[in-house]
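Both of the next two complexes hold chain A, though its partner changes from chain B to chain C.
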Partner chain A sequence: MAASSIAARELLHNIKLIPYYQKSSCLFSRRISTSKLQCSSQPPEKSAPQQLVGVVGLEIHAQISSNTKLFSGSSVQFLAPPNSSVSFFDASLPGTLPVLNRRCVEAAVMTGLALNCTINKKSVFDRKHYFYADLPAGYQITQQRRPVAVDGVLTYSFLGGRKRSQVMRKNVHIKQIQLEQDSGKSLHDDVNSQTLIDLNRAGVGLMELVMEPDMSCGEEAAAAVRELQLILQALGTCQGNMSEGQLRVDANVSVHRPGEPLGTRTEVKNINSIRYLARAIDFEVQRQTAVVRRGGAVLNETRAYDSKSGETVAMRDKEGLQDYRFMPEPNLPPLLVFEDEASLPAGVEAGEAVLLRTLRARLPELPSVRRDRLVQTYGLLPEHSFTLVNEDGLMEYFEAVMKGTSRDPRKVIGWVTNELLGLLKQQDLSVSHSPVLPAALAELLELQEAGCISSSAAKQVFQEMWRSPGKAALQIIQELDLGLVSDAADLHRICQKVVDSHPDKVRAVRSGNQKVLNKLMGLVQKETKGRADPVLVREILQEKTS
Partner chain B sequence: MIKMLAFQTLRVVSLEILGSSCNLLANNVRSITKRCSPRSLQSQILRPLSSHQHNLKVPKVPTWEHVPEEELPRPTKIPADLVDRLERLALVDFRTQQGLECLEKAIRFADQLHVVDTSGVEPMDSVLEDRALYLRDDTVTEGDCAEELLKLAKNTVEEYFVAPPGNIPLPKREERAAILRHSEF
Partner chain C sequence: MLGLTLKEVSLAFREGKISPTELCRKCLNRIKKTQRLNAYITVTEEFAMKQARQSEARLLQGIPKGPLDGIPFAVKDNFCTANIRTTCASKMLKDYTPPYNATVVQKLLDQGAVLMGKTNMDEFAMGAGSTDGAFGPVRNPWSYSDSYRTQGGAASDSDWVITGGSSGGSAAAVASCTSYLALGSDTGGSTRNPGALCGVFALKPTYGLVSRHGLIPLVNSMDVPGIITRSVSDAAIALGVLQGIDVRDSTTVPAPSALAELPEDFDVKNICVGIPKEYHAPGLSEETLAQWSRVADLFEKAGARVEQVSLPHTQYSIVCYHVLCHTEVASNMARFDGLEYGHRSEMKSSTEVMYASTRHEGFNDVVRGRILSGNYFLLKQNYQHYFVKAQKVRRLIADDFRHVFGSGVDVLLTPTTLTDAACYHDFTQEDNRTRSAQEDVFTQPANIAGLPAVSVPIALSRRGLPIGLQLIGPALEDKKLLCVAQWVEQRVNFPSISDCDNTQESRKDPGVTRREQTSAI
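This part shows the complex of A and B:
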């Protein structure tokens, strides 16, 4: 009992403590509350009794980014008027037949290639039956027996180690990627005790990715999903917005002692952000650990995550085990993909077939390759490469700035990840909405590099550029009189004034405390609004205090 | 794999079962030619459905030989619980002892498939397996017919279809039995 109440307290602690976004945060994982206890990367000591560890597998539904649905020519659009993007097939009117969208197949194959999957040259479709009002056919067309891609691996990284500054690289196996139809949407009207059905989403193409239970905690799962999201976005196969339901993640969670068989798992649903994913999993691991420690049994059930309370709650019991009565889809012959044009059978046009060689050639630079390139090309720290790649558009911004300036990339990255990203986060803006364009920032950095302004003045100029977009750095420097004061006579006068008004500090310097000289320098910069040339000021002050 | 094979074969023959369902009910279970490969079996069944009316390979008169009972697996008995579950899944009532017997007979009929030697034969999914699945361009050609579709529905609100809240749980077995007794005439 005592143990469980301690566990509960730890749990509470973990849930309440959501770190704020830090200006210099490099890996998104810092923004996610995670349980360090659960996710320790060190193997448990042998003498200690074996601890329960979490085992996490994920099932991810990614909505394919396409103009039309998987099996019909009606449009795919978020927020269209209800039932406006519905064809007769989507509404399951009798006599309609599925016609497969080539784009959807190509998206699934490209995703499979990017995740190092084996692409099945021949895959088949199945019907999965269940009754629900937003599934008018009474079955979903999916790929249960032979999916389009199998046996892949996703490599993801997060900050770990003792100081949480070490980049930890891990793998999760992708069991399969299958094409399937999305269902419609139900709006429950409790007042009138009815359900309103919108079939706009019914039949939209989904890729279901099944990840093996290779993860152990919320942080790992969150990092894996974030990496997947970046890959999908780079490929353009899914927009990956979790809050709009383009990426839906269900987590299968269980606990066991390492080496022993896996425990009974629960399935956690209703997770609509990466942060909630981490918290839902950590909650569930701790809840199950407490149950097992109490001597209880974890039930095989579906639980929903409640983002308000940070807890998972059991969903209404399904009546016994679901029987989906899978059967081969009789209206669709097997789906064939080919290696290249030479392997096409007679009568199949290259433009109508899905060719692996063509799709491989179309694969863009993937996030992991991007990060490596950034580290190698610009000599950046790995964590900086993470920030650049994780923030949508930030890498492009950084590279655009680099084109316009000769400054050291390691200085530029500071501007981009601190000044720019800080203001963007503060105002909840995306990189593409930054009022300061890359070229403008580059110009500012060039002025600083040329010695026209000090670094503190440059920061003031940046703030001003942010407030009045379109104004050039040089113009602001002139208007605010922020140009570097390097006139010796002027500086002499200001330094003399500071020295005269702080005799105690001058005495301290004279008695050998050189640190106080920095304080005097600070006072001079205050007088000049940070515009004084620091090298000159130092020389003058040294002269005057010697 | 074996399961799949059996399943595939079953699908092919299901056409036959459909075709002869009336006979089935009349307890007139026909046997199918035994010791033939599924492919030839399939062609026998499918040819009559094709448009070639005068195919010489199709016998004019059906032929069959009886499969001895001892070659078949043990007859399947359907427990009441399973009937209950099937009724729930299919939303169909078997209603009577007669219906149950009919189901058992249908299974018995399909049992003959166990006699067919399918070793080394790759199962088929579709009779169109040798054709490439047609893939469509990703351009919008349909939709924008909400008004037409909503006309078909019994209840609508604005541009939504209206359904009862959630899934209506099926009546429990006893309740259903009561309802059924009432409905019989």
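This part shows the complex of A and C:
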């Protein structure tokens, strides 16, 4: 069927599902470092006052993690057989009425609290009208006039600076969080020129979050969304998987010269990972910059991101101006939220009401607090805490390793963020799929701490543990004969051999060049395949070269 | 037997004077005999007999479910009935069969009441005559009464009068004795108006007291399921069953009191009856005015305080009503797009073409007109000017009532309609919008304010047709309102169409028996 009047926002519902193994939870601080665009978060150069900068705002739809839909009792499931979870209300059968799901309200309120929003004690629902095949009622119930939460702020960080190791902290304002219904899905079968409709998703609760245009580039937007994703996941209010459409992000992008009014904006849709979000925004900023530099005008239009080409392309726009003809939803009384039990009016049961005090008490440790705790508890660098928290499951992994070892956390962090994460990235695995379990890594580190193996041998053992999951470190050390050579006689013999065969180096050391001693140590390690106890070796070599 | 009240029949069951199956068969026969009234869109004969047999079994075992067990009832065709088609008298839903029962229907079925069928109406309840439905107009049973035939000077069959609407089928069903109880819906007077014109008792409860779940909406913020019966106490029984919180309708409120029997000897001595002066509207017939005065006098003579009161914003009510009605209609009708259910056009070259032709073919002019104007009122540039303004006026109208009731008035007495029933021929000279504006003038303020209101049949006009008066009470004072209504009912001795039990099959026209002619106490 012709899609000539596809309202642009509906197209976001047609996001093609990408295979689930494409992880959206990438460590964007690494991946988007390829970004061509320099973020204006760097101090602007004084010599170029006329430089155009990007202005980015986001509209985010977060699917509420709940058992049932926003206004009906049908269950919420991903990948259920088509139209298997559709109540009479979801299919908009005449005479059916919405009944608000308290769980969804609590999720929105908790999210609002976590994002430092003002929670409206009284909010209302509105109908937003448009005709589309997967919107069976002809309107969406949303919160246009008075949303449940307003005026919040999200603090996010990313690794910036010259070496991309400096934690940059920024704020983005949250204009509002509103509750609304998701639509169904349309499947256009061009061959038979028909449209198939799946209403499983119709009526699922969404939180629409509007982030003000406080960002300037893809990297910032990506960092803000990643932080939001972590917060939602910590709260359990949204699973936050972009590729499964649980989190849908549209970007409003414009360019202007600082100090001047904002430029005409475009809305970029069809973005299904954080990486693509950054790329789409950066592309769009560059495109608009080029348009303006040419003396052209940016059109107020909706553009779709094409992940294959990395470009945004104009979507067939809404025919004329879409007037959604908002009106109050007459079948739902105002949504009331109360401070605590004492503020409940007569006749309202505490068990039925949404109480702020109760929800505040239920707020879990949020990512920023986690990072601070990691820095304080383990003496980690901020960038390490950042990596631990931003990578799904890495903090838990780290803390589990710490439980099993007495090693300095700052040593352990190197293992986790370099050895472990490196291999995971190489093989595109998530932390939960690591073949080496935290306890096994802890055991290895303990062996190293006890002086049983050298650090270079430990790395070899780790590689082997990765290849043969389940094999204990000790077993590998024995099998590969990687145990530390600490027998003084053996070491004396090997050191003597090295000293004898490198008289020039010995001379250099003797003449005061202590750096050459390290070279000799390296030669000894080469002889012992890295198994020699470095402390002993140094002592012996110093003795022999003195 | 068919002319009895629900309460009387219930007693007859228990005394074994008649059985539910016998009564059901009688009603079904009568539906056939009165087919020309066009009161029913669907007659559920098989289902009715099955229920009647079940009811009979319960009676025989001595375990009837209550006063409604075995009682034949009818339901306006905009209430969903599981596995029974529900058309809203529209081509759009001509073949639509809902998979569930409206809460009010379910509650009656749970009480053992026997569903006779689905009654005719104006399409999607948009009208005040029951003349604008896809299944043709409903004829007022009084068109064939002796009183109208002799006094009204009806010369030919084409002089039949309308039932009023939009619940005309339900009112006709109760007036013509094919059901003891009928559900209507009341958005601007759709239950009270036909109640008055058909000479039956009609109740529009307080908004929120009775669940709207399963009622195909006209205006969600004003719709209330209405109750049509032959006596006030019957309506009280029905309301007792229907009222209360429904988890499926978030606008329902708890019933303030259990409603069983109304006191037979309610004393009006201590009540204050308000007569709103703004209801002396242009077009009010002399006869209706006379009945209004007569009943006011009845109250006064019985010791009630009768006071003139003012509801100053009444004149704006009908315009306000139309703006709000049309906007909600525009919204509520959006779901009828031919995709999930209902009529679907053969023109399918694109989704948009299918939408447009489906909706053009499925809706009549009245519905389409309201959708058009409603969407106009909701446009961004018009919203403040029309919708918001209308809502403000709505508040003012509700405040008018609040002030009056706050000043000590217990109940307002007004006409229900301007005149007695019009001839179909005359009625259809005007367009639907004009007629609705005229007909709803006394009734829709109660919907705007969400108040309980009833229409009580008072007397016959010179044409031999019923005249009704309206009583309006404060929110949730439905029981008191019914008590006052019963007091009036007991004193006016409204005649009933008497041939309900007439065994002379040859005699087609119902006659009128005056139980006891009185003009005053």
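Everything that follows uses one rule, which is that the second predicted complex is superposed on the first by the 470 of 546 C-alpha atoms of A that agree within 3 Å, B and C clash if a C-alpha of one lies under 4 Å from a C-alpha of the other, contacts with A are read in each partner's own complex, and residues count from 1 in each chain.
Convention: a residue touches a chain if its C-beta (ideal position, glycine included) is under 8 Å from a C-beta of that chain, and two chains touch if they have at least 3 such contacts.
Just so it is clear, the model here is predicted, and its values are computed rather than measured.
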Partners on chain A (chain B, chain C) - clash or fit: clash
Which of chain B and chain C A:G95 touches, first, second, both or neither: second
First (chain B), second (chain C), both or neither touched by A:R127: second
Which superposed partner A:I197 touches (first chain B, second chain C, both, neither): both
Of chain B and chain C, the chain that contacts the larger number of chain A residues: B
Which superposed partner A:S432 touches (first chain B, second chain C, both, neither): neither
Which of chain B and chain C A:L336 touches, first, second, both or neither: first
Which of chain B and chain C A:V354 touches, first, second, both or neither: first
Contacts of A:T377 with chain B and chain C, given as first, second, both or neither: neither
First, second, both or neither for A:A137, with chain B first and chain C second: second
Touched partner set for A:Q478, first chain B, second chain C, both or neither: neither
Of the stretches 116-124, 242-250 or 440-448 belonging to chain C, the one that collides with chain B: 440-448
Touching both chain B and chain C, residues of chain A: 88, 91, 93, 99-100, 129, 131, 133, 195, 197, 323, 325, 327, 330, 332-333
Residue numbers on chain B that touch chain A, as the complex places them: 4, 8, 11, 85, 88-89, 91, 125-126, 128-129, 131-146, 149-150, 152, 155, 157-167, 169
Chain A residues touching chain B - in the complex, by the definition given at the top: 66-68, 72-75, 81-91, 93, 99-105, 124, 129, 131-133, 145, 186-190, 193-199, 319-320, 323, 325, 327-328, 330, 332-336, 345, 347-348, 352-354
Contact footprint of chain C on chain A as seen in their complex: 1-5, 88, 91-100, 127, 129, 131, 133, 136-139, 195, 197, 323, 325-327, 330-333
Chain C - residues contacting chain A, complex: 79-80, 86, 88, 93, 96, 98-100, 102, 212-217, 219-221, 247-251, 327-328, 330-331, 333-337, 339-341, 349-352, 355, 375, 378-380, 383, 387
